C-alpha cells in the first residue's frame, strides 16, 4: 500500500538523520539568525552539525519584524548577499522583508548541509570533567504535554548557545555553577550601536566547549539589547563558526 | 537617534506594502504549499498578489513532516526542482527535508515578488452582487487577544482559498449560502492515489471570483484526504495560478 | 560515550518496532481491558498485532476501580486466572485489586508478543473500496500541543475498535457514513446483567474489516452501560481474537 | 470600492500619527487619571506628547469606582471643573460618576491635542549615557499572544511613569540599577490624607529624564496607598506637566 | 475616619442610582455607538433611561478602530459635531481618532443625564403577556466567576437591543420563540453602502416593547455587515430614540 | 498515635454512612432549597434518604442572594418558621439573610436525619424495566480531574431531581428517551407570580420513580423562571416529600 | 411589578447592612470555624461585628472532613453542644457530620446577630499610627475577574485574622514590616496534641489591634499543623472573643 | 440489586485496605522503579507496607522510555530477571520494552503483597520528636480540584522517599529544617556511569526514619542525573528494602 510505503520512507529517513547525529562535531541550540548563520558556515566547512529547535519553524524572532511590521534591518549587507536576500537601502540602513530573511537563512543553511531537528529541545548539558561533551534532548511536544518522560543524549565536541535573550544553555550551567556568572545573566538597556558591535566582539567560548552567539552574548556579558536589527546576529553566527572551525582544525591536525 | 531611524524605516516600508496591497489582482488565503506555489507563479507572471497568513511563519503543515518526523514526500520532482529543493529517490517516491521544503517555498515565492502578510487573517469575504470582490481582514493577534475590534478590507479580482483542511474561505460562503454545498464540506477517508490526482483535477473556481487550491479542494469536493505527500499541493497551486492567469489575460485583452 | 550508546540502543529498537509494524495482521485501538485481552490472544496465536494507545500508560479505566476505590469485580475468573490475577470471592463475585488487574493484562499481553505503541493515536481509518485497510496515526503529543502536523499510516487486515465508551474508530466511519448507524452511537441505562451478556454476544465485525470489542460494543448497539465490572470486557476481547483468528486462518488456507 | 477607501483613510491616518510620534518631547506611559491629566496640560502647552496605553480603553482604574460601585471622589474640584465633570458635594467631598470622569479625561486630553496609542505598551527604556532618551514599545496584542517578536523605539526628551501601582517604567530601571532603590518599590498601608498630600508633593524627576506621577509616586517613595479618591492623581498629573514645561522652556530658551 | 466617609459617599450614591433605576422608561443594553447615541437623545428628552454594559468601559468596538489602527470613519458629520468630535475630511469621508470618538459619546451621554451601569449584564427579558416589561440583570463579574447566583430585575416601558453583532436581547426571544425569526439571526457579507443605509432604515420595534438599533439591526434583518464606519450606528441610535420618544409622548398624552 | 486514631474514626464513620446508603428509600440529587426541604421532611418521616451534592457546600444558589446582594425573599413564612429562620416583613414580602437561610436548611435537615454526600454526583440513572431503580454516582473530584474512572451505584425506590435549572437527572432520561419531552427542557421568561404557583402545582412524578422538585419543575414544564424568591422552592420540596411519603406508605401497607 | 419590588427589598436590605457596617467594633476575616465561633460570641456579647468571607459559602475547610470523608472530630464537646451539633463518642474523641458542623456554626452565629459579608475579601489593612484601624475590602468577584478596580474601606476597633493556614491579614503586615516576624510565617510538622493546646494558648493580639485565631495562630507562631480535628479552632475563636470583649469593656468603662 | 452488591464489594474491600494500612511498618512515597522495587522486597519479607502514588497508574517515568521511544535500558539483568522481564542484549546493555518493564514491576510487587494506594499523595510528614513517625495524606483529586479539604494521617516506622527528581518528602523536611541541607537539593549534570554507581551507594537513611531511594538520592546528594537507564533505580530500591529489613529485624529482636 502506497500509504505505508510513504510512512516507511519518512520514518527511515528520519531515523537515519537522528542516528547519524547522535554524535556531532557541533550542536547548535536555537534556530534564530545567529544559530542558522553559524550552522550554514560550519556545514559549508564540512563539519557534522546538528541544530536543535524547540518550535516547528525556524527563524526565531525574525518573522514578525518589529511589533508585527514584517520588515527587518541591517547595517551591512555582505552576509545577506551571501544568503541571496533582497535588500533596499534606506539612509545607511538596509531593509529586508522579514519573511524572506527568515526563509533565506533556513534554505541556505539546509543547502549547505546543516541538519535541523525541529520540535526538539535541549533540556540539559553533559559535563563529566568540567568540559561540555554533549546535550540532553527531548522532543518539545513531550514538554508541552507535561509528561514525565526521560530524555536522550547527543554528543558534541562543541556546543553553541544561540537561544537568544534567555541564554538557555548558559542557564543550565548557571544553575549548578552560579559562581561562573557572579552578576547573573541579563541584557542592559537598548542601545543599537553599542550592542551591534559588542555582540560580535564578545562572541566566543565562555566555558570549555560552550560558545555563545547572538543575543545570548548580550545576556551573558550584560551588553545592551537591540531591536529588529539583525546584522550583529549574522556576524556573530559567522564569527562563532570561524572560531570553532579553528579549534576543530587544530585538534584534527 | 538610530533606534527611531530604524523604527521609521520599518514602519514606512510596512505601510508602503500595506497601502499598495489594499487593492490586488489576487488575494491568497493561507501560506501552506498550495498557497505559496500559487503565489510564486502568479507573482512571476506579474500579477499584484497578496498572501494572508494567520501565523508568524509560513509553511503550514509542512514543517513537522509526518508526526514530527521532519521529512516529506512527493511523487514527481518538477516543481521541487524549480524551487531548488534537494530530493532523494526512494522506490518511486522523492523525499525531502521538511524544513528545506518549507523554506524553499517561501524564499522563492518572495524572490518572485509575492507580498506576504503574516499575523493577518481573513475573517470574511466581500460580496455585493454575487461575486467575490475582496476580503475582510484583521490582525490575528487581535483575534487571539479576544478583543472587540473591527476589521479592514482589501479588494481582489480573484481570491484563492488555500487554507487547507478547514477550507475557511469557503465556509464563509457556506454560512450564508448553505445551498451551494448541499453535502457540506468534509474530506473522505485517506487514499493517497485518488487524492493526489483528484486535488489537481478539481482545482478551480467554485463561485464567481473564488478558487480553491490544495486540501481545501478535497474538503469542498469530498475527495479523500492524504498525508505528508505534497506533490498534489504544489501542482494544485501551479494549476490555480494558470487558471487565474488565463482569466486575467482575457479580461485585460 | 555511554550516553549516546544508550540513545542509539533505544532509538534503534524503537525504529525496528515501528518499521516492523507499518504492516500488520491486526491493529487494535485502545489499551483497556478488551484491547489488551484481544492483543494477548491474537499475539499468542502468532499474528502480527499492534495496539495503539493515546496515553502513556495502558489499562484504560481499570486503575481507578470505582470512584477511586481501587478494586474491580468480575463474575467469572477463568480469564483472570490465565492472566495470573489474585482474586477473592465475595457472594458470587470475584474481586481484584485494580492495579494488579491493570498490570497483569499489560504484562501478559507483552509476554505473549503484543507490540504496544503508547502516546500514539488513531486519527482516521483508511478505506479505499469499502473495506478498512489500515489506520491513520499520529503521536498524541502532537495533538495535545495543537500543532498542525500530518499523520502517517499503518496497514491492517483487521482493525479492532477497543476505545471503550466513545467508540472512536466507529465514529470515524459514522462521520462520513451516517446511514450505517441510523440511531447514532450511545449506550443505554446501566444494567449489569444485560450488559455483561450483551457485550460478549454482540462482539464482532460491524463493517468489512472493522470489529468492535468491549464498551464500544455497547455504544454501537445501544446496550446498557455497566460499571467497574470487567468480566464482559475480557470475554469480549477473547471472543474478537477468536473471530479474527478464524478469518485469518480461512484466508491463509 | 468604498471599503478599501475607508481602509486607506484609516491606515494612512494611523501611519501619520505613528510616524509623527517616533520622536517626542514627552512620552507618558499609562492612560489613568495622572497620565491623562499630564497629557492634557502638556498638549495644551504645545508639546509633542504621546501617551502609551496597553489596553483598548483609557481610564485605568477609574471606571469601576470602588468595588464596582461606579462612583469616585475628590477633595477639590478645580481640575474636575476644568475638565467639565459634573460633581455633587457630600460632607467636604465631591462625588462623580466614574464613567463620566473617565470619559471627560480622555475627551478633553484628546481635544487638547494629546496623541494616545492604545494597545501599545512600553517594554523597556532607552538609556545610553545615564539619562532616558526614549521608550522601547510593542503592540500589547503581541504580548498577549505570547509571540516572539521584536519591539520598536520612540524617542522622548522626558518620560513620565504614570503606570500606577506597579510603577512599570521605574521597575525597568530597578531591574538593572537596583541600587537606585535600596528599599525596593512598594506602597505603604492605606491612609488617604497622607497619601493625597504626599503623592503631589513627591511628584517629580527620579532619574535623569524620568518623572513619576500618580500612584507610581506612592510606590517609589513608599507612601500610603489610597482608594477611589482621585484628586491627588489629577494634581500630580498637572504638577508633572508643569515641571516638564519648565525644563523644556529653559532648554529651549 | 475619612476612608469610611469616602466609602459611605460612594455606596450611598450608587445605591441611589440603582434604586432609582429599578423602574425605567427605557433600558438600553450595550454601550457601543448606537446605545450611547440612543441614550444621549432619550436622556436629553427627559426620559428615565438606564444603559447596561457588561464591561468596565463603554465604547464597545470603537476604541480599536480597524485592526488596532485607532481611527474611525463616518460619511456625515452632523451627529459627531453635536458630540463635539474633531473630524478631518478625506475624499468624501470624515475621519476621527477612535479614542476621542469613544470618549465623546460617553461624556456627552452622561452630561445629558443617562445613567450607565457598567459591569452589569442583561441575562434575560421579562415577558408576561407577550410584551417586554423589563430586563433580568446580574453583575457580569458573577458570570465571569462562574458563580451560581440569582439575578435581579429592572422594569422598562421599552428595551433597546444595542448589543451589536450578537443581538443578545433578540436571542433571548429567539430561544423560546424561534418562529419569530424563521431565518435565524445573522449578518450578510460586508457591503458598506447597503449596510449604512439599511441599518438606519430597519431600526425599529421588532416585538412589542423591544427595539433594535445599530449592528443588531443587521443581524436581525440579515443586512450586510460593515467595518469601522460608524455613521449608521449614530443615526440608528438617534432614530430609535425618536421612535420611542414618539411612543412615550403618545402614551403620556 | 492519636493522628491515626482520628483518621480511623473518620474513615470508619464515612464507610458506615456510605455502606448504609448503598440502598435507600429515596435519593435526592441536588442540595439546593427544594432538595434540602424534601430531605428534611422525608427524614423526619423516617425514610432512609440520601442527598447527593456535587459541591463541597450545600445551599445551591441561595448563598449569593441576588447578584451577590446576600438577601433572599419569600411570600410566606410558614416553612421558614419551621426551619427557625429570622425574617423581616417588607410590603407583603419576607426577607432573609441568605447565609442564615442556607445554613438553616442544611442544619435542620441534618438534625432530622438526612444523610448528605457532598463532593458526590449523579452521572446516570439505573433503569431496567422502565422504572428508575437507582442512581449511578461518582465523586465529583474525579470528574473535575478529568480522570477515566468508573462510577458505582446506589439504589432508591424513588429519585428526586432537585438539580435546579439544568434538570440534570431529567436530562439523563431525555438523552435516551427524547420522545418523553417533545418540546425539550427549558424555562420560560421570568414571571414570579406564575412561577411561584406553578412550580408547586407541577411538582410530582414525571416518569415511574422519578420526581421533580424546585426549578427543575420549571425546566421540565416550560414554566417561567423566577429570581431570588425561594418560597416556591420550599413548598415544592415539602410537597414532593408528601407525595413520596404517600407512595411509600401505600406500598408498605 | 413584583419583580422590581423584590429587587428593591433585596438591594435596600443589603445597602442597610453594608452602610451599617462601614464602622465596626470588630472585623473578622475568614468564615472558618475560628472566625464563626469568634463572631458568635462577640455578637452574643452585643458588639457590632462584621465577618468577611471571600467565597460564596461559609465554613472554610470543614465541609470536606478529611480527604472528602465528610466527618470531623473534636476532643471536647462543650462548644459543639452550645451550637447544637450532634456528636458521637469514639474512644475519647467526638465525631460529627462535617456538613452539620459547618451549617451549625453559620446558623447559630447568624442567630446571634453576626453580619457576614460573603464574596467579600480583605485586600489590605488600614494603619496610620502603628495600630490597625480598619480593613481595605473589595468584592472577590472583582479579583477573580482580574479587573483593575479600587477597593473601599471599613473601620474596626479590632481585627481578627481567622484566615487559617495562609494567615492573610498577618501577611499584609509582614510585607511592609518584615522585622515583626523574623522567622517568617509557617506551621510546623503535624502533631495534634501539641497543636490543639498551642493554638488556644497563643491566641491573642500580635500587633496593636490585630488578633490571630485558629490556624493562623499556628502559622504565626510556628506551631504544629493538625488535621480534621476542630476543637482547638472553636476554643481559639471563643478565647479571642473573650479577649476583645475584655478590651472593649475596659475602653468603654 | 447486583449493581449495589458490586458497589458494596468494592467499597468494603477498599475500606479494609485503607483501615489496615492506617498503621504500617513502611510507607513508600512514589510508584516509580525504585519505589516499586523496594515495595516488592519489603512485602516479600513480610512487612506491612503501603505505597502512595499521586497518579492513577504506577510506573512513573518508565512508560515513555526516552522522548517517547518506548524502550528502556539497564546494565545488569539480575533484578529484571527476578521480575520476569524480557531483555535483549545490545553491546553490554540490556534493553527492554518500557511498557513491559512498568507492568512487570507493578504486577510482581502486587503479587508479593504490596498495598498500593493510587490517586493518593503525601502532603507532609509527621515529626514529633525529631524522627519521622508517619505521613500526612490526601487524595490527589482533592488537590487537582483545588479544594480546601483537610488530610488524614497514616503511621510508619520508616518512610521511603521514592518520588524521583523532586525528592518531595525530603523537601517537606527542607522547608522547616533548611540547615539539614545547606547546599539545597539538586542533581548535577548528566553522567550515567557516576550516577548509576552513586545512586546505589548513597541510598540510605538521611534523617531518623526517612530513607531515600532512586532519583531522590541524586537530588539530595547532588549526584549526576541519568536518562532512561533504570538499573540503578532497581538496585537502589532493593538496597533500601534490605537496609530497612535490617533495622526492623533488630528492633523486633
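First chain written, first letter: the chains are A, B, C, D, E, F, G and H, and each begins at residue 1.
In this section, a residue touches a chain if its C-beta (ideal position, glycine included) is under 8 Å from a C-beta of that chain, and two chains touch if they have at least 3 such contacts.
Just so it is clear, the model here is predicted, and its values are computed rather than measured.
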Starting from the defined contact criterion, work out which chains touch chain A and chain C both, please.
B, H
Comparing D-E with B-C, the one with more C-beta contacts is D-E
A CA-based fit of chain C to chain G gives a rotation angle in degrees, as a multiple of 5, equal to 180
Copies chain H and chain F - interface residue numbers shared by over half, same or different
same
Could you state the distance in Å from the CA-based centre of chain A to that of chain E?
53
From the mean C-alpha coordinate of chain D to that of chain G, what's the distance rounded to whole Å?
40
Here the gap between chain C and chain E, centre to centre from mean Cα coordinates and rounded to Å, is 56
Using the average of all C-alpha atoms in each chain as its centre, how far is it in Å between chain C and chain H?
30
In chain G, residues with contacts to at least two other chains:
3, 6-7, 10-12, 56, 63-66, 68-69, 119, 126, 139, 141-142, 147-149, 152-153, 190, 227-228
Considering every pair of chains, which are in touch?
A-B, A-C, A-D, A-H, B-C, B-D, B-E, C-F, C-H, D-E, D-G, E-F, E-G, F-G, F-H, G-H
Chain D contacts chain E in the complex at 2-3, 5-7, 9-14, 56-59, 63-66, 68-73, 84, 86, 88, 90-91, 93, 95, 97, 99-100, 102-107, 110-111, 116-119, 139, 141, 190, 192-193, 227-229
Can you check the complex and tell me which residues of chain F touch chain E?
60-61, 63-69, 186, 188-191, 194, 225, 227-228
Contacts from chain F onto chain H in the complex sit at residues 1, 3-4, 6-8, 10-12, 15, 18-19, 22-23, 56, 119, 126, 133-134, 139-142, 144-145, 147-149, 152-155
Which part of chain B faces chain E closely enough to touch in the complex?
124-128, 136-139, 142, 147-153, 172, 175-176
